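Some structures are shown below for you to check.
One chain, chain A, appears in both complexes that follow, with chain B as partner in the first and chain C in the second.
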Partner chain A sequence: MNKISWGQMTVLLIITRISAEMIIPGELTRYGSDRFWSLLAAKLAVLMLFLPLIFLTVRFKGDNFLLPAIRRSKILGGALAVIFVVALAASTVETLVNLQLYVSDVIFDSMLFITGAAAVAAAAFYGALKGFSAISRSSIFALTLFAVLIVLITVTSWENMDVTFLYPSFIRDGNYFMKSFFSEISSCSEILVFAVFCKNIRSKPNRSVFFYLGAVLIILEGLNLLYNIILGPYLSALEYPLYYISSLSDIVIFQRLDGIDAVVWVFCGIIKLALLFAAAHDILSSFDTSPVKLRRSIGLAVYAASIVGISFFIGTDKPRLDMFETFMHSALHIAVAGTLIPLIVLIAGKKRPQAKGEENEEN
Partner chain B sequence: MKKIRYLLILPVAAGIFLLTGCVRFVELSERVIVQSVGIDYYPETGSYRLSMQYFTQSGEGGQNQIDKTQANVLKSVGEGMSICDAAVNASIKTGKDLLFSENRLIIIGSELAGYDLEATLNFFVSDFHSHPKAHVAVADGKAEDIIDIRFKEGTVSTEKLTNLLTNAERHGVCPANMLPDTLISLHSASRSAYLPLLKIVEEKTDVTIPQGGSDGSGGSGGDQGGGQSSDEGMKEKTVELVGGAAFSDGKAVGKGSFADSAGIQLITDRTHELSVTVRTDESETATVTLFKTDFSAEPVITDGKLKFVVKGFAFGRFEERIFLSDTDEETLEEITRQTEKTVKESVYGAVSNIKTALGCDVFGFENVLRCRCPDFWFDNEENIAELIRLADVEVEFSCQPYILGLQND
Partner chain C sequence: MAKKKFSQKPVSLPFDEKTPISPDINASCTDMRALFGNSSDLIVKYAEINNINIAVMTCEGMTDKAVLADMIYRPLTEHALSDCKDGNTLLNNAARLLMAEDQKQAYTCGEAAAMIMSGFALIFADGAGFALGIGVQGYEHRAVEEPSTHINLRASREGFIEVVRANMSMVRRRMKSPTLVMNLIKAGSRSNTDVCVCYLSDRADKQMVSEVTGRIKELPLSTILCSDFLQAFLEKSGGTLFSQVTLTERPDTFVSKLYEGRVGIIVDGTPFALIIPGLFIENFHTMDDYTHHPDFSAFVRALRFIAFLLAAFLPGLYVALCNFNPELFRTTLLLNIYSSIQTTAYPVLAECLIMYILYEIMREAGLRLPKSVGHAVSIVGGLVIGEITVTAGLMSAPVVLIIAATGLCSFAVPDLYESCMILRLVFILAGGFFGLFGIIVVTSAMLFRLCSKSSYGIPYLSPIAPVTLKSILRDSFYRRNWQALTKSDVTVSELSHKKSDGNDSERNG
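Right, the complex of A and B next:
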């Protein structure tokens, strides 16, 4: 089994979260202090949502997170796995739809939905086949690219910054705050990724959660600060603020960074998608004990194709897409799969029976 | 296993090379590479007219490919019920795809300026391939007439106009607003903006290319009365910056002079250099160039009444060194006093003519108020634009001029 360090896991979780930042729903890009507070509150809430998982990793160290439930009862374990995979699939569909909409909005406006979705899914499928540790290595590369991009944007936009756009204030619009808060939580599909892959962390898996939450909070607040001091009140009218800011870069060798921005964002999106595919692959594999790898790969291909099909069904119809987004923004899937299921496993799970050797060691 | 992998790579690689032909693509020579856009509105027909100066690769024949004296700087026009419709129409007429990613100048006709500016500029934002760093200016008349004039200077003709705007800003005469600056400004409570005002004037210069000249030079497009023959001693039509156009509630509401424009630039702290000429006595004048200007505004609320205190400082440089080196201390102090007085008058004039008279807050007062006095802001959010319009402004300015190489204490 491929093991990674908690640091690598932290990077994976960060990339998974920031890739969701590429599409902030138009209604949630808002000038002012409300989003600063909603980000802070959402991160504290996400920490709470992570708690059952953290306790789970302590109690059932090194175990697949569903395994303790399967040990107790195969029906219980199977039911939880199905619910988890459905939530995971919903997150994957959301990611794929958003990624495709972003690509067709800013890069290829005439691209067919199915073509773009299939191409992105194929790249992610390949990543999932290469395995979890391969994806984690690419995520480090993606994070480096992202950091370089942000530094370049900051440096090249220096003259456009106006700190008087900032003003001290607490929550002004409660309705917006709640929307933004739940949207933030719904974007945390990394909780599902962590649930599946926490067993692959060599040691101290919980550290990755704390470091990732801290880093993501700083990154997201920093990006929001950047949007506010460059765009001011105009921020509320934009759908892709970072893309817009990057297109303003106008210094000698760095003009129009929007192309690089789009590439980095798509790269992050593909890594997240690959990770979500790999998570589904991992869960499906735990029910397939056959040594034949090809069968599992075919299973993953069928799953990926289904995701593309569902994404096409949802993403090409506006009312359907709106309904789906409304449901996803309620963050129900995160609460159920990321918190409730681990909580059930934590309470009802059964510890691995200790082997004779281990018993002797303990004695 | 490795062989299978290589075999799999083959169809992928073949696909990459062969499938490109299945995608619709446009050659560069089949594109209209737009350099500048003029937009006019005709209320009687309810139609927009988009006139574009563009560069085409096909027009070769000059010493280099980009030779504006040859037919590679052309003009395209289109009309329609919306700007987008007009752009499509222009594309159909030209037989080429429009490419706005190189567009450096947007000129709004005076008629269109009377309508919602943000709605006009939205066309350039919704198309993500448009260049966001395009200058925005207003024409004192038809925008198309300005597009018709082609200049000899610059790699392409548009460069002359963008240089004109950039240079005016550098000299502290008029702020040159780019598309994002304008849109940000239009999102203030008073929906204000201040754009450079361009006008066609007749002057004895030799900077424009005559249209339809017998030597084969000149643009082929546009017979709308643009650049004229520049025979010896004859006047030619050229473009000048004549001040600024003030927008309030998204619509043009008036014009500002150079002094007003300079005042706006000073308060918003965007002045790099500003030359001020003052009279030392009846027959002599002195010019002081202000540099390293530093202006900031502070809101003061007394008994619920709003006032802004604008504080400024600048270093100054006497330009006539020979004349001043013999001048006594007293005259130097008098020049300094007069310079300070002139700058204050410019700032007061800008505030009174643009903010108070026209309700156009392009001074950043709104941001400063929200930043420094958020409570007052939120309590009066509904009518904040009106409160800022009626607010008094107090200006404190001092400058420290010196003669290069000499101490002036």
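Right, the complex of A and C next:
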């Protein structure tokens, strides 16, 4: 079992969340302060959603959402795992589809959907095979790149900023607020990641949730501020606001930063996908405890191939994609897998027979 | 010494190395000859002392003849060994008489042969069931010179040579501490190469030392001709693009790494010593970093890091941007590149690949040729081919410039040259076919690979990933001054992921 610190988990959760920021659907980009409030409200709601998991990590120290359920009954564990994996797969498909659409929209318009999705999934699959530790360490580089990008954009866009675009206001469009609110919660697939990998945090797992929520709130509000003061009223007409802001940035070596922006998002996206694959792999490993890894690796490969197939099926047809996005924006999968299942485990789960001094294995 | 007739006939017997040394000197000599396959370099000198027949066996070229005469022949002939009634007594008395530092006894022909080949003179005596070995090693070797690689400005000019014992003495001279342990092990089932495992007993992780020693003892190799042979067997992953074993030709670097709690391995026959575990960040460090001002060292380290990134990524990025995202170039640069590309015969990807392969061929040719011819190759390659390909319209000037610049950059980090070479090719292909997307997908996979690597419990990318703030701030990108370095003394085992992935949560947070 690869153990990491809560600090590393925080970085992972942040990367998982900000990778979802690459695509803000056109209907959700809105000039004004509505998104500011929706982000704030959504983060409070996410904290509420995290509560069962937080209690779960306190009650079942060193366990994830699944192990206490399996201990109680394999049937219960199996049923919960299946529901969880479906939600996880939905999140994975959403990430893969969004990533591929983003890539074909901004840096490689002639790429076939299946080629791009397969390439990204292959890299993520490889990451999942390399282990949770490898992914968590890679996320440090992704976060560093993201920070460098934002600093570069901020410095080079100084002249484009106009604070008069800001004006104090409260929620003007309740409908938009609710949409944005649920979209924020639905983007919160890190709750699924935390549910699986909370057992891999060496100590104080809950700290990572609090720090991540705080950090993500600051980052997202900061980005929202950046969108508003640079793009102003044009924000409402754009789908990838940061991409457009970076295309206005001139860092002398490059005339535009949009290519670097795309690189950062794709990198973050691959890490998120790898993490989601690793979560599925971990769940599979909870049932298949044999020391032979090949069977689990084949299982993961089949899962990854299925995800690519489903993404292709959904991502290449506009009505299907719209229907899928409508479902995903309801945040039902987050509520069920991230909150309801941990709540059930919290009530019905069984503690370990005896607390043993756990020795941490190496990679 | 009186001569007596002994059997000199060549023998060709099937032979077992475990055959005990016979009390009959004739039989012993026959056995030894058989074991050596009547090899011409086995020298046997016969004599008689106090009516006891003796034979002194040496290996041609492995002993110092003056020492042999002074330490063995003269004392044996000049000192009366009259009280010796049999071979056993003679050899026991000789052992006391001959005050050699290196003195061993061989009881089997295999042991005797190994000692002879290590530069011992073996004395056989009639009636003795063993042979007395006296270390009189003295073979020709290269003098201690300045290392050909890892050249430094202010650090020591001494480099390792091919003789393991000379190298051991260079290490000992720099670390006069009883905690410096040097274990000589025979490795290679056939070559019986001397491999010296060095570590500081109070700083190196015991488990790491025993694991390294165990691996060397269990090496499946029959011959070890240079330290690289061992490298793949010492890496847990079995050898990858980025090696987790550091090579050094410098005793000062070697000792400094031992001080950090690492394990060093000196292999006889090669001036390159191995250091375990090797970390990625160490490829950007040199001994000079510790002699210069910390700010200057930080600047130079940053330069090396940028050079590595350019060496690996620049050609791939250029191809990717030209093919898929030309809008990222500055307008003037784009126009210049565009006009260059217009006048050349090949697409950018092909141009880059051809130029890259040409460059590597020139480098390889220059490397293997005598120095004088090598210079000529450089001139022909660098000036003539570079100039003519552009004027003839075969290559565009930016491609020539980029390949030349990346070639130069890769020499700034010599330890990563091979990795850079492969990565460059991969990124050119990825960038050529899939643009920036291809590059980032390959980079992600590479990063996952690097992040998953660990050597003897130490993550390869530490102290960056996982983050160990104490080490990052101490001596990674920036080297603190000596006062601070002395205060915060750390060993490499503190980067172990058992500690850094978990227990540093307070630091990471």
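Quick note on the criterion: the second predicted complex is superposed on the first by the 349 of 363 C-alpha atoms of A that agree within 3 Å, B and C clash if a C-alpha of one lies under 4 Å from a C-alpha of the other, contacts with A are read in each partner's own complex, and residues count from 1 in each chain.
Here, contacts are C-beta pairs under 8 Å (C-beta built on N, C-alpha and C of every residue); 3 or more make two chains touch, one makes a residue touch a chain.
If you're wondering where the values come from, they're calculated on a predicted model, not measured in any experiment.
In the superposition on chain A, A:Ala237 contacts chain B only, with no contact to chain C. In the superposition on chain A, contact is made by A:Ile4 with chain C only, not with chain B. By the touch criterion defined above, A:Ser203 reaches chain C but does not reach chain B. In the superposition on chain A, A:Asn160 contacts chain B only, with no contact to chain C.
Set against each other, chain B and chain C differ in how many residues of chain A they touch, and the higher count belongs to C. By the touch criterion defined above, A:Asp258 lies against chain B and chain C together after alignment on the C-alpha atoms of chain A. When the shared chain is aligned, chain C comes close enough to touch A:Tyr126, but chain B does not.
The contact surfaces that chain B and chain C form on chain A in the two complexes overlap at residues 256, 258.
Residues 2-8, 10, 103, 107-108, 111, 116, 119-120, 122-124, 126-127, 130-131, 133-138, 140-141, 202-204, 207, 211, 252, 254-256, 258-259, 262-263, 266-267, 270-271, 274, 360, 362-363 of chain A touch chain C in their complex.
Listing the residues of chain C that touch chain A in their complex gives 321, 324-325, 327-331, 434-445, 447-449, 451-452, 454, 457, 459, 461, 464-467, 497-498, 501-505, 507-509. Looking at the complex, you find that chain A touches chain B at residues 105-106, 110, 160, 162-169, 172, 231-234, 236-237, 243-244, 247-248, 250, 256, 258.
Listed in rising order, the residues of chain B touching chain A in the complex are 24, 128, 131-133, 180, 183-184, 186-188, 364, 367-368, 370-371, 374, 377-378.
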